[in-house]
Every structure is written in C-alpha cells, then in structure tokens.
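Common to both upcoming complexes is chain A, partnered first by chain B, then by chain C.
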Partner chain A sequence: MRSKSYGDKASLGLKIGAIGTLLFLHVPLWVIFLYSFTTDESTYSFPLPGLTTKWFGVALQRTDLWDALKLSLQVASLATVAALILGTLAAAAVYRSNFFGRDAVSFLLVLPIALPGIVTGIALRSAIGSLEIPFSFWTIIIGHATFCVVVVYNNVLARFRRMQSSQIEASMDLGANSFQTFRYIVLPNIATALLAGGMLAFALSFDEVIVTTFTAGQQSTLPIWIFSQLVRPRDRPVTNVVATIVILITFLPIFFAQKISAESSDTEGETK
Partner chain B sequence: MNRLSTFFYKRPALVTLLLLAIPMLYMIVVYLGSLFALLLNSFYFLEEFTGLVVKEFTLSTYVQLFKPTNLGIFGRTAGMALAVTIMDALIAFPLSYYIAKFASRRLRTYLYIAVTLPLWSSYLVRVYAWKLILSKEGILSWFVNLFHLNSLLDALLSLPGIGGSSLSLSPIGMFIAFCYIWLPYMIVPIQTALERVPKSLLEASSDLGAKPSQTFRNVILPLAFPGVIAGSIFTFSLTLGDFIVPQSLGNSRFFIGQAVYSHQGTSGNIPLAAAFTMGPVVIMVVYLLIARKLGAFDAL
Partner chain C sequence: MTNSAIRFDKVSRYFGDVKAVDAVDLEINDGEFFSMLGPSGSGKTTCLRMIAGFDRPTSGSIHLYGQEVSDLPPYDRDVNTVFQDYALFPHMTVGDNIAYGLMIKRVPKTERAKRLDEILDLVQLAGFAARKPSQLSGGQRQRVALARALINHPKVLLLDEPLGALDLKLRQQMQVELKSIQKRVGITFIFVTHDQEEALTMSDRIAVFNQGKIEQIGSPSDVYERPASSFVAGFVGTSNLVSGEVAKRITGSDQKFSIRPEKIHLGSASDVLTETMYKANGTVRDVIYLGLYTRYLVSLDDGGDLVVIEQNLKTTSMDVLKARDQKVVLFWEKDHISRVGG
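Coming up: the complex of A and B.
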C-alpha cells in the first residue's frame, strides 16, 4: 500500500489549467462566428447591436471574393498534386533503402517550414526576379509546392514504416510483378496516408499568405484578400462572413485528416 | 512488363535513385537555388541615386544592418519572440501534462485534434479574431468594463514601449495574438516528451518518499524540458519571421518581417531585404545548435 501515489488522478488546479488552455485555443474562433451576424457595419462593437444574416448574401454577390476563392482553390489543388507526387516518391526512396544522406533528404524537405516564411518568400522572389520570370499563377504554385511536400512525405513515410514488408514479399512470391504489387498491395496500404497528407497539404496551401505575397503578381488569393482587410478594414461585415466560411470549410477536412493520422499512430502504439 | 519489373527488381539502388531524382531535383534547384540567390543578393548593393541593384560584391549592405534603427528592429523582434516563447511554455504545460498523463486513450485522440485543429485552420482568420476581440469597442473592453478594471487596462496601455492607444494597436496586443497563434506548436512537443516519461519512474520517486511537488520539480520538469526546447524552436522562429501580426495589430515600429517586406517592396532594395533575412537565419542556426545540445530533437 502506497501512501500517496503520484499521478493517478489529475488535481483540480491542473484540470482548470488544461481547460483554460483549451478555451483560449477555441473561444476566439467562436467570436468570429458570432460577429458574422452583427448588424454593425463600421466598428467591432460588443455587445452586438443586432443580429442579421444579410451579410452572407452580400458576400455571395461579391465577384472579387469569388475570384479570390477560385484562385485559391486552383492553387491549392495543383500544389497538392505536386506535393503528393514529390512527397510519395521521396518517402518511398527513404523507406526502401538505407542510403547515405537520407537524413539530409528529410532535412531538406522540412527546411521550408522550419525557416521563417519570409526567408522562403524573399528567396523565391529574388530567384524568380533575377531569372526574369514574370510573377504569375504558376510562380505561386512553385512556392506552395516547396512547403507542402513535407506533410505528404511525413504521413506516407510513417505509413510505410508501419506496413508489413511480408505482404510485399508474399505478393512477389505469388508471382506478381513490381507494378502489380504496387497497384494491389502498396497503394491500398498507403491510401489513407495519401488522403490525410493531401488534405493537410491542401489546407496548408489554401491558407498560406506570407510566401504568397512574395511570389504572386497582381493575383489575389483568398488569404491575400483577407490580409488586405486586416491591414485596412473596408468591408468589416463581409470579412466577418468570409472568416466564418473559411473556418467552416476547413474544419471538416482537417478534422478527418487529423483523425486518420491520430488513430493510425495510436494503433502503432498498441502493436509495439 | 514482367521483364521491366525484373530489371528494376534486380537493381534496387537504381530504383531508389529514380524515386529520389524528381523530388530532390525540385527541392535543390527551386528551393536551395533560391536560398543561394538570396545569399548572393545580400552581397550586392542598391545604388542610391539610380535606385538600381548593383551586382558587385560588397559588405556595405550588411554594414547598414548595424544602424541603430535596424539594431532596434532586431532587438524588438527577438525580445518579442523570447517573451512569446516563455509565455507559451507556461500556458501549454498544464494541457500537455493532462493529455500525456491523465487522459484516456479515446479522450487523448480528441484532445490532440482539439489542439492541432486551430493550427491547421486559417492562420489569418485567427489573427483576425484577435483584431475583433482586442479592438477598443470589442469584447475584451466590454469584459474589462464589466469588472471595473478600466484603470488597470489604462495603466497597462500607458506603459512606455509596450503600450499604445488601444490593445489592438499595441505590442501587448501583438504579444497576445502571437501567444495564441503559436501555442499548439508548444503543446504537442511537451506532450510528446511527457508521454515518454514512464509511470514507474514517478512511482519510484513517490516510493522513495518524494512529495508530489518534489516529484514534479525533480523528475517531471527536467524530463519535459527537451519538449519545451523543441516547442520553442517553432514559437521563436515563427515569431521572428512573421509580418502579418505586427502589420495587423502593432504600431508603426517595425519588426524584422515588416522591414524585409517593405525593403523589397516599395524601395526595391532586395539586397538589404536579403541581408535582413540573414538575421533570423543566423539566430535560428545558433538556436538550433543550442537546442540540439539540450536534447530537443529527441522530443520532436
């Protein structure tokens, strides 16, 4: 019988601290949600003077918003495709063999998100500028792909490491060639990792603003539109609505991507 | 098809090389190439009269960094990064500790998602939230009014250096927003570090007569420290390079990110902007080296 064992139950103080931190993380997002229904056009006054849903309609009419949203979706889709291809190839190579310098590969891939965004941004800008390539839709994608690769890479590599290599051996023993083995064994195994990595890459690109401000020409992605409203608020109620919609759109894909990663890493813990 | 398959099967090194070629080519040419171009640019200089970049090797651009205004920018940004890092470690700890040591497996999955969800949801929208909350007529002022704390807020805002006309236009407001935005980056590594502390170690400590507070101080805190350092890499680096928060919530005194942004933008002084970014790069490299010494990479 131990007198007072350590850590069977959380103390009240710890619980309050933990809940406080959780609230700090989430309440600000609820505030945005609330403000999208305000009748106040020119200030951020609280309590809200009145409630209305008319700003959702106003936002829907705005062509500049639709253009920005369309551009963001296009950029994010193409950047995600690029990240899926590059990330999966790199993950497969690192998983397959123990070659010299595989740490360097991981390091190089993680660098674009480890270094401050302005470094990546201005580096790309000065390189693109000195090659006299015009800033365009494509330069935005080139920039986004550099930092999206690592999320796909991490997800797929983690999955490869959990995959049982006996399955691949069995497939080869039973007469399948490498391509068939890839199609019927490897691909189904990494499918959800590709899905999770792809969704996170999409979210990362869809939201990116720092690198984009340096690699875009006259184009305005949705984050750039929001940023311009942050610095000089002109359409406060419309911005509130846009912010709410962005939270709602990103919530579900990210929730599921996180659940896939969290659950598969949990089962990994069980088999150990 | 089968012969092609056999051909590859017999040459695993070739396959690895082929797999690696495209991603590495992309990262090396596009990314490292750009970083190199940036480094090169920092050794050029802007001709004052013509406003054109002169491509001759010089250190004069770096010398400009040591002007008092520019040193002030570095000091201000690094100070903010340090303050945010310390505050985030303090706020993150209870939640990380709870998730790592007390939450059931099921709850842990959901808490993990609750922590990382804000991280992935729009960064700009989260900055925007604080613009709403901190504004003069906003929700925080309302609460301050409700609890009759106006004099306290006014005293806080009148502090030289960190005060301002309202919370949304002051370094205090920036500090709160920075703490909020980077907090998940601190919670996750601390949690990971704490999860690795075996329960038997805590039991041994209490069996040997340590009070819970002693176990906490002498066993848990030292073992959580690499996690704190790992988290601080993110909070520190991200604060150093950010220009969105200072631009949206700060006053007119520049941070590194804003300096870079404005030098390359309006004046077209890419060399000076490039030299400026070498500041955070050098600070981060030194920081990473210290962090590695302290064992932070094991907790990532």
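Coming up: the complex of A and C.
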C-alpha cells in the first residue's frame, strides 16, 4: 500500500511537471491563435472585446504579405535543395576518403552553425559587397545555405558512419557503377537522414531573420515582414493570422517527420 | 596457358612503406578450389581485393582468363565476392539482395525469378526470399551472401574469410557444403582464410602467405607433409624443427628439417630399428593426456625438445602418465622429415 501511494505521488509530480512544460510551450501559441480573432486592432486586451474573422479577409487582401510568404518558401526550398546536395557531397567526401586535414575540414563545415548569425551576416554582407554582387533573391539563398548545409552534413555523416561500408564494395562487385550504387544502395541508406536534415534546414531558413537582413536587397521574407509589422501597430491581428497559418502549415510535416524517424530508428535497431 | 583463371605477374602492393604484397607470382587454374592461407597482415586479403578490383597493384599485372584486369573497376570484372561481414543490403529483401546483380544487368524479370529460385534451392534457402536480412541467423546470412555472388555465374568466386563469424559446428558444416557447391557449379573458388584446418579441408591447392610473399604453393598434403619453409611447417599444423648439431647427430647433415609430432614413435632401447628410420634418445619431460591422443614433450640427450603425439589406441590415461621421466628412444621414417630452408 505504502509503496503504491509513494508511486502515485511521484507520478502526480511528473504529471504536473509535464503539464506545466506543455503549457509553457503552447500557451503563447494559443494566445497568438486567439488574438487573430479579436476585434481590437491595435492592443492585446483581455478578455477579447469581441470575436471576428475579418482579419483573415484583410490578410488575404494584403499582397505584400503573400509576396513575403512566397519569397520565404522559395528561399527555403532552394536553400534546402542546395544544402541537400552540398551537405551530402561533403559528408561523403569526409567519410570515404582519409585526406590530410580531414578533421579540420569537418570542423570548418560545422563552424557556421555555431557562429552568431550576426557574424555570419556581416561577413557575408562584406564578402558579397566586395565581390560587387547585387543583393538579391540569390544572395539570400547563399546566406541561408551556409547554415543549412551544416545540418544536412551532420545528419548524413552520422548515417554514413552507421552504414556498413562494405555494402558499397558489394554493390560495385555485383556490377553496379558509381551512379547505380548511389541510386540503389547509398540513397536508400541515407534517405531518412536526408529527410530529417532537409526539414530542419527548411525550418531554419524559413524563420531566419539576422542573416537575411544582411544579405537581402529590397525583398522581405516572411519573418522580416512580420518584424516590420510590429513596428506599426495598425492591423496587428493580421500578423497573428499569419502566425496561425504558419503553425497550421508546420504541424503536418513535423508530425510526419516524427513518424518516419521513429519507424526508421526501429528498423535500424533490428539490423544490429 | 589458356586454362589459368588468374595469373599474377610480379604483383606488388605498397601502403606507404609497408609492402603488403611483395612481387607475388601466382597461377590459379580454372575450376580449382584455391586457398590463400596466412596470418593476418600477410597480404592474402590484399591479393583478393586486387583480384576483385577494390585495390590496384602498385606494380605488376593481374590477368583474368588471359585478360589484363589490373586497372578495371570492380563492376567491369567477371568476378564476385563473398564478404567477411556478408555486406547484405539491409533495406532489401533476401530475394532483392540475391537478384541485385541481375537487376543491374537488366536481366528480364521472368529469368531473374527463375534463377533466384534455382539459387535459393542450391543454398537451401527456398521460401526465404521475402524476408529481410535482419530476420536471418548468421548461417543463413552467409548463404544469402554466397547466393548473391553465385547467381551471376562469375568466372571466379572470391571468398574473404566467409566462415569466420560462424560457430564451430556450423563452420564445419559449411566447409563441406561450400566444397560440394563448388563441385556442382564448377566455378573457380578463391578462398582466403587464416584457419589452416579450413584450408586443408576444402582446397585443391593452398598458397601459404607470409609477410607479403608466398612461402609455398601446393596441395594440402604437400603443404602439410612437405613444408617448404620453417614458417609453413609452423603455421600449418604443429611441427618439430630440428637444426644444427642435433640435426647432424640424427641425420648426418646439419640442414634444418621438420618432422610432424604424429610421425614420431615412442619406443625403448629394446626396439629394433630398420635402415629406413632415424632415431634419437631422450627423456620424457611432460605428458599431456588429451583423450583421443596423448602429447609427450621429450628432451633429447643431444639437446632440444621434440613434441610427440601418439594415439591412445590401446593405452589408458594411467598407462601414458607412467611414461613421465622415463628414458625413451624416438624413431621415425626417414621419408617423413622435410628439409626446410630459413
């Protein structure tokens, strides 16, 4: 009896802790969600003076908002694609060959993600400026790729290290050339690592503010647009509407990514 | 030389200053079960990898059925390999693993299925095609690796210590099975191992490797009964090496020779020796009773020790243990010694 009541107490503490953590993480999101329906257009007053869906209509009319969202999606997609290609190649090089200074190269690849964004930003700005490349859509992508490559590289390298390297030799031995070996053996082995790394890279790029402000020309990505909206409090609920939409859009891929990585870690456990 | 499957001409492979393979000449016949035997680091695996194409010779040339292959990539050579760790593809089923080579060569699906069934029968894995490698035992994975290589009908099959990860019982069973599969398919097998028993059991011929060079090539009985060097005598089975003054007293020549422990008979001064025998006097220093046989360590009066093995045909443990500290006469057929260099 005693041990049971002791167990109950502990699990009650755990429950409170878990609920507390969840509230801490999610209450701000609900606040944003709630205030996207408020009738009050400039302040956060509680309780809400009234409920309305008119801000969704207003948001729909705002072409500057949709341009920013479109730009953000384009930048994030292209930066992710660049990161997938460059990150995989870098990981393959570091994994397969044992060249002089390999550890240094590995360290230099990972460094950009540890550097404060402000340093990366100013470094890129002066580099791009001194090369006389006009600041544009492409310079934003270059800026984002610097840290997106790292997350793909790390994920893929970790997967390569867990992969039996004789598989590649076996494939070549059975008549497959390098391309076929990559297509049938390497890619399936690293697929989930690419997916996880790619999604992380996309998410990092999508909400990046600091590097973007240094590398963008006249364009504003969605985070920069939201930031600029906070400066002038008119139509404030529109930003809440945008935040709500982003939360809804983000929910699905994260949900599936969790499922996929849970499944792949199961099968990896089996093969060992 | 039309029927040589593999020919090495002065093949060397250096890793920095290390001569992993040092000017090796070698000829392997068509349809032969050929073993490369040696301790780790002796160059046998490097030779195998050069035949497969994973490694290229620093100098010298390798011919596969008369065709120079030294610089061909692995996928352009008509050889297949069974890897030490099997190297099965974990994301594919057993069937897809085995048919991988045929899929790459774009063999039509119906023929692929037919050959898959045949090969699954050959390695006794019928009904396993839909499983994943992770669902198989070690012995079954080994068969999958073998089937995956054999289904391509390679000219030469390379086996890199394929039985190393199996337990003793399974290993002995697979030795017999490998040999019978080789006879049935008639493909040249090149088998790398550090286990002399494995090499003696299965091979038509054995090459004994040491420090990047081949010490001896010959049939199992040649290598065992007529070791060409003291290394071979010591590595293949156990052997007594006698040299110098002691050798001179026994045989009349101071050239080093080796004699197998089981060829030596343990006798007493009253035994009558024929002209065809050598003899040596000594004292039994130690007796180790091993059930099937007994091992004696005998100190010779002229110096040096000899190991003698006698089967316990009529003796019991009580009988043999009495031999300790007794004066004995050792004798053996002159034919059974093997003069070795170095």
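Of note:
By definition in this document, the second predicted complex is superposed on the first by the 225 of 272 C-alpha atoms of A that agree within 3 Å, B and C clash if a C-alpha of one lies under 4 Å from a C-alpha of the other, contacts with A are read in each partner's own complex, and residues count from 1 in each chain.
To be clear about the criterion, a residue touches a chain if its C-beta (ideal position, glycine included) is under 8 Å from a C-beta of that chain, and two chains touch if they have at least 3 such contacts.
Since we're looking at a predicted model, the values are computed, not measured.
Touch criterion met: A:R96 reaches chain B, while chain C stays clear of it. Contacts of A:Y184 after superposition: chain C is touched, whereas chain B is not reached. When the shared chain is aligned, chain B comes close enough to touch A:A145, but chain C does not.
Number of chain A residues touched is higher for B, counting chain B against chain C. When both complexes are overlaid on chain A, the residue A:G50 reaches neither chain B nor chain C. Of the two partner chains placed by superposition, only chain C is touched by A:E169; chain B is not.
Of the two partner chains placed by superposition, only chain B is touched by A:F251; chain C is not. When the shared chain is aligned, chain B comes close enough to touch A:F24, but chain C does not.
Applying the stated touch rule to the two superposed structures, the overlap between the chain B and chain C interfaces on chain A comprises residues 172, 177. On the chain A side of its complex with chain C, the touching residues are 164, 166-167, 169-177, 180, 184-185, 188-189, 267, 270-271. Remark: chain B residues 1-2, 5-6, 8-9, 12-13, 15-16, 19-20, 22-24, 26-28, 30-35, 37-38, 41, 91-95, 97-99, 101-102, 105, 109, 111-118, 120-133, 135, 137-139, 141-142, 180, 183-184, 187, 199, 202-203, 205-207, 210-212, 215, 233, 237-238, 240-244, 247-248, 256-257, 260-261, 264, 270, 273-274, 277, 280-281, 284 touch chain A in the complex.
Residues 52-54, 73-75, 79-81, 83-85, 87-91, 100-101, 104-105, 132-135, 148-149, 152 of chain C are the ones touching chain A in the complex. Here chain A touches chain B in the complex through residues 2, 4-7, 9-10, 14-15, 17-18, 20-22, 24-26, 28-29, 31-32, 35, 43-47, 85-87, 89-90, 92-93, 96-97, 99, 105, 108-109, 111-112, 114-120, 122-130, 142, 145-146, 149, 172, 177-179, 200, 203-204, 206-207, 209-210, 213-214, 223, 226-227, 229-231, 233, 239-240, 243, 246-247, 250-251, 254-255, 257-259, 262-263, 266, going by the rule given at the top.
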